[in-house]
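Following are the structures in question.
Look for chain A in each of the two complexes below; its partner is chain B in the first and chain C in the second.
So, the complex of A and B:
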């Protein structure tokens, strides 16, 4: 008797359950309801993205073609005038060249060194302390840029810094590092290499881990060894991750700001020195807008940087379609 | 033999990478003028005087607390916005959700340096310059957080949600009481990544703040470096204040951080 009642109840519950589920899945109002709910949940993120990212991106186009200052609300349309002024400034071309120089030296160096480090760390689990060295190489990437730049300012000091001590040990001539127009940008590159290479090494390690052991074994049995195995077997297999590393590194490199500002901005003169030798586009945008308050010029410059970034990504995508081997 | 060669090369490289961080400690706790000695000093002397001075007699503690507050608030908000948006993208078949997906992905593609000028103008017009809000709100939502939660929520069995719906549990309650507690790994990953990004924030506060009272420690360090470059012990001690929390955090969670960074890529390709 009792069991019969509970059985009845049970089947009732099942019936109600399936009816409710069906009504939610098929009903037109259910669809509308879920759309409202979906956008409701998305709202905080969408609001932040549109106010602080997409809005300014659209606004950028507006500022760049107007003569506009932040303190007066009058703005007049000037067309390409801002760009004309910009292209006639030698400092603009200097900054552009510095950015490209920084990019074409740092991106290949970073990629190759990161791959080398990843190969070195690859056998990590088999030797004790492998995980530790991976962690130590990655550590600089999580450190705050200004706090660690301070120590690099000391390392690069020409008279008592560590860098010249090391050069001295190898009987090389001392350098003026951050105080010379020739070596200031390479000094920044060394810092950036130290600070960021752990990230790319870890990405390569993840890529290397996806290569099946059997493939490597087969290559070894067939006599592929050392550099040959690296070039003909491993390199093609990790080309997708290499592409990802190159793109990420290019974007991060173009965006470099904090370490240039800190390393070169000591009491020896404003950031970007000496003699504008470390003034890259991102630094010039900052100085034009926030030190000289030429917002329209800075916006025009930003639009140029925006375009350059886009072009670089597109070129890399085209090259990737040709050379990257997707399994 | 070759094994030991690899072993020692690896140890050397690792020591090289950690050396600059170690030198912050050497300079901060060394004797007065240790920074100028040739040959350089190699061993910290553990003189904590300068660090104690920095903590008790200057504003550095306040700057450190600013950073702590900004970081904590950002993490809290990012988890809320990411969990909500991630849930919507994973579980709710709303109209136009694929368009929204690409809109969120697109934020990552915008070059930050090119946006800094119009972003400043936006903050100016919102009357948010010189406020904590300006340092927190723009970073209260981020793409990787949303995608991490989306991926995690997709893996939850749909029967949980169906039962909750039959029982009449509201979606918000379900997210808060069921989905979010189950997504603990996603919460941890988002917390770690946001912590690193937020703690190391520099350019944004440099532009948005003129009020010294609000500045995070990174910004204060930069101002101090430009005025008193030769005061190495105080500089080193203050840098230590900025470095220690994040390094301690890294020591305990490095495995998860590295996993999150390396796995972030494989997740994006899906």
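So, the complex of A and C:
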């Protein structure tokens, strides 16, 4: 930093001050000094991260290959044994499938719906009170998941919940929602969509705002209408935001825990039901570690989930390099 | 000649703000019309209304005798060049130019034929595979032009297309645009704030200020017979000298004189019909003289010329000509001379201008006093 300033010669004063600072050393050591200063400034947060984040992550990698319990000081190296046990558990495969099902349905739905909402709300601030629509769509995202999940438990109540009332209005058969093995996970998806759509819509709105007005007008003069304009002009120009939304949504989706736990009766011990239909990987990791106290097994599962997440994001990055256009 | 575009009593309001007031004009087929005015005068809004990007609050737009108020831009058969070019940054130059045709489902073969044709005309062949980000300002400008041309529109709309280019390139593109217009002969409406562009390129000029259309005419008409003091001072560089002067009737029979607080010029009686119409309530009129109209020297006894004695304050030498800024009483006088001997600062200079080259405007409204007959001045008429 200091050497940069001395090079730029912006003003005499800056030059003199920096020259004084560096008078006892050459330029190269000045840079070293500023590097030390930089790391020094990062140190407090680095320490916090190390204790609560990087440390446990490394430790997790360690216990995944050991037989380790919280009640004893000794741990034995077991190699890939934990993974072997894991891959022989049907519940592991069931949870993995639930996670992938949840991901494959939710990420595209969220992305497309958020884009659609953003397109609709784009012009909203131009009408009186239209700015409020953005606040309203974002509002669910600032509510606590556990609190609103409990409200949604009532909405999904098969006998007197709002969800079935709406189905009834459209002459559709009533569903058992959270109590049915088929509809429990989709119910969680609906809740998650409601809770998170605002965030992604606002991200898309920010992306849309970066498109120059005249480019859209040029498309209008060229006769690009509706879907053609969206596909050929608007979407390519917000492809970086789309990529960001897809990655963020994927990570959030894989990590979903609170709403599954709460919606499926976690406090009463039934989380992940009925019949494991909502048991995703993150829920299973929690249960394995903190209910059944198989920490090593949970650690191995976390590593598997981490690998899957990494692979998904790498695939997305490869696709992005082909389709994302950076201005 | 056929009317390609007609605007009838068009107004545009945004909320309580009136952007355009009662604009009416006709543009003929093949004409190059420049809309000129200072920024904020409504010229870009007018172009957007013609393009169909905005709707007029009142009045009608006709393209080839068809009322198009409610017709979408792409059905109006127009091509538009935007000020910042508005190219699609993610598409190649070829795709940029082909976009309009693609949107209309034209066959690939026909698209590539049409794009190639225009690319040859605008010398863009080597750029077709590049993206706009890799092009220079002048090249982007040509691509924007090409994109507008590919669909073979009936009317070209250009919104300050040269304002983002540097001076040298601007001069070159000006010639280029005019050359292209002469070759393909498409009716062109060209918005600019630059009077030089308008004067050099347009067949006819529309002058606007504050949302109203002040005058429409050929560059010569605009220059020689400006209808308001605004038009008079907007065109020409340096701008016309416009002075508000009082007319005093010193002797009813003998003469009248033009005066500011320190100087007085006798007015020939024969010109009474001119200045009478120009007088406002304070007996004032506005009198305009182009800097180029001044001659050196002059005699006060000559009734054909208006003669003033001014104090030189500043001299600008532009190589081929000199511009003099001088004081005539409390008024500032600007005069331009080609190749004249050097002037000295703070010296007195006598300047004259034929009365027939003086423009007369109403004292307060600034509207020109029109007269068909040129001023006849009787020999020996009184100028003291």
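Note that in this section the second predicted complex is superposed on the first by the 283 of 327 C-alpha atoms of A that agree within 3 Å, B and C clash if a C-alpha of one lies under 4 Å from a C-alpha of the other, contacts with A are read in each partner's own complex, and residues count from 1 in each chain.
Note that a contact is a pair of C-beta atoms (placed from the backbone, for glycine too) under 8 Å apart; a residue touches a chain by one contact, two chains touch by 3 or more.
What you are looking at is a predicted structure, and each value in this text was computed from that prediction instead of being measured.
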{"item": "Simultaneous placement of chain C and chain B on chain A, clash or fit", "value": "fit"}
{"item": "Greater residue coverage of chain A in the superposed arrangement, chain B or chain C", "value": "B"}
{"item": "Chain B versus chain C as contact partner of A:295, first or second or both or neither", "value": "first"}
{"item": "Touched partner set for A:208, first chain B, second chain C, both or neither", "value": "neither"}
{"item": "Partner chain(s) touched by A:45 [first = chain B, second = chain C, both, neither]", "value": "first"}
{"item": "Partner chain(s) touched by A:114 [first = chain B, second = chain C, both, neither]", "value": "neither"}
{"item": "First, second, both or neither for A:265, with chain B first and chain C second", "value": "first"}
{"item": "Which superposed partner A:163 touches (first chain B, second chain C, both, neither)", "value": "neither"}
{"item": "Least Cα gap, in Å, left between chain B and chain C after the two complexes are fitted on chain A", "value": "13"}
{"item": "Intersection of the chain A residues that touch chain B with those that touch chain C", "value": "none"}
{"item": "Of all residues in chain B, those that touch chain A in their complex", "value": "3, 6-7, 9-11, 13-15, 17-18, 20-21, 23-24, 27, 35-40, 80-82, 84-85, 87-89, 92-97, 100, 103-104, 106-107, 110-122, 124, 126, 137-138, 140-141, 146, 162, 165-166, 171, 196, 199-200, 202-203, 206-207, 217-219, 221-222, 225-227, 229, 232, 235-236, 239, 242-243, 246-247, 250, 254-255, 257-258, 261-263, 265-266"}
{"item": "Contacting residues of chain A [partner chain B, same complex]", "value": "16-17, 20-21, 24, 31, 34-39, 41-42, 44-46, 48-49, 51-57, 59-60, 63, 70, 117, 120-121, 123, 127, 129-140, 142-155, 160, 162, 165, 194, 198-199, 202-203, 205-206, 241, 244, 251, 254-255, 257-258, 261-262, 265-267, 281-282, 285-286, 289-290, 295, 298-299, 302-303, 305-306, 309"}
{"item": "Footprint of chain A on chain C - complex, ascending", "value": "51, 53, 72-75, 78-80, 82-84, 86-91, 99-100, 102-104, 133, 147, 151"}
{"item": "Partner chain C, residues of chain A touching it in the complex", "value": "212, 214-215, 217-225, 228, 232-233, 236-237, 239, 325, 327"}
